[in-house]
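Each chain gets a letter, A, B and C, in the order it is written, and its residues are counted from 1.
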Amino acid sequence: MSVYDKLKQAGITLPPISAPVAAFVPYVRSGKLLFLSGHIAKRDGKPWVGQLGGQLTTAQGKQAARGVAVDLIGTLHVAAENLDNIDRIVKLMILVNSAPGFTEQHMVANGASELLVEVFGDIGAHARSAFGVAQIPFGSCVEIDLVAEIK
Amino acid sequence: MSVYDKLKQAGITLPPISAPVAAFVPYVRSGKLLFLSGHIAKRDGKPWVGQLGGQLTTAQGKQAARGVAVDLIGTLHVAAENLDNIDRIVKLMILVNSAPGFTEQHMVANGASELLVEVFGDIGAHARSAFGVAQIPFGSCVEIDLVAEIK
Amino acid sequence: MSVYDKLKQAGITLPPISAPVAAFVPYVRSGKLLFLSGHIAKRDGKPWVGQLGGQLTTAQGKQAARGVAVDLIGTLHVAAENLDNIDRIVKLMILVNSAPGFTEQHMVANGASELLVEVFGDIGAHARSAFGVAQIPFGSCVEIDLVAEIK
């Protein structure tokens, strides 16, 4: 089953790639590696604002991380021309906008990690780092960047 | 026009590469990739101390990020032997020392991103992640690391 | 002297590789690069909880970072099959769980950097970024990820 079939099965429609808001680009290819820029969580097309351990629950953060993963897959679709050209999801850096006492960044991060495995199967299993940051551009609750290997 | 001409045109003199303060090195080459260590913002040769959203304005942060980019180019000059050997600026991670309510990390980051495009042209356009951190070594306001591809 | 001899000389026993707590893996290989997931500081098998500049001193943080480096070497041992297959420690990202005023992240980070040079010699000297984060999963005091090159 192709990655596109799995996306359809999961009821996921890929978004158009976001135009960067500054002098940078959504992705750069170097050899077989694709480096994707940090993508921030959005809801209804706007930054999903809030801190985990503050206004947002872990469940909401996990949902936000899943949404960022959908956007990252949308960027991979453009970068790799075809998602079936992806050989491996290599590494994720998952930033969680965290109030001082919040320590469940790994549970928030699972929203992205689980979707990638659901969609890509074994080659979706990745190395990752997840941690709490002081803030994220536009006050968004989650930001994720990604390294993938292309065939 | 070579990268050095563009630097001269922008009135930029490259600094000597900083000696690392610990058991690490300013850069490592692996295959065609150069991985540069995090460089912190300095002013008059000392760490430029302060938080965005606290003592420092977004404009000052942007200026600090531009200064870090100059230092990163100085390190690239040594690492690549000649800046015209750089094939692509691949990825930046831009850390902004942020007071709780500050959400303009992307605008601070543009100080570095815009300089790289100014100096390197199209191959200076990079993927990036920018976010707010709780602190930076020596209390510096901005820290940036970089991955570049060499010819 | 092999890396294993140096570990023995330093009195270090490698731990078994930790099972990941979620839909991700401890490492991914892409070409000659090994990308290791963020490893958190532990003591007596449990997360070593606390903030630098809060409950923990810089000396304790440095010890925690050294412990994380031991765990990272344990993962490298599995990933590379033999540590003598490691060609270079390329890059570390060192996250320090930091109370607002703490600015000695570089000194904490040295705990990991110095061990890698002690064990691997010249090829252990790496690029790195060290900074203060708002929180780390499970409230751990230090988290480190690593990129290495394999022969």
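By definition in this document, a residue touches a chain if its C-beta (ideal position, glycine included) is under 8 Å from a C-beta of that chain, and two chains touch if they have at least 3 such contacts.
Just so you know, these numbers come straight off a predicted model, no measurement behind them.
A.B. asks: Only C-alpha atoms count here: how many degrees separate chain A from chain C in terms of the superposing rotation, rounded to the nearest 5?
C.D. replies: The superposition gives an angle of 120 degrees.
A.B. asks: Note whether the interface between chain B and chain C is symmetric in residue numbering, meaning over half of all numbers used appear on both sides, and answer same or different.
C.D. replies: different
A.B. asks: Distance from the CA centroid of chain B to that of chain C, rounded to the nearest Å?
C.D. replies: For chain B versus chain C, the centre distance works out to 24 Å.
A.B. asks: Residues of chain C touching 2+ other chains?
C.D. replies: Expected reply: 31, 133-134.
A.B. asks: Which chain A residues qualify as touching chain B in the complex?
C.D. replies: 21-28, 30-31, 35-38, 93, 95, 133-139, 143, 145
A.B. asks: In their shared complex, at which residues does chain C touch chain B?
C.D. replies: Contact set of chain C toward chain B: 31-33, 88-92, 96, 98-107, 109-110, 113-114, 116-117, 125-134, 147, 149.
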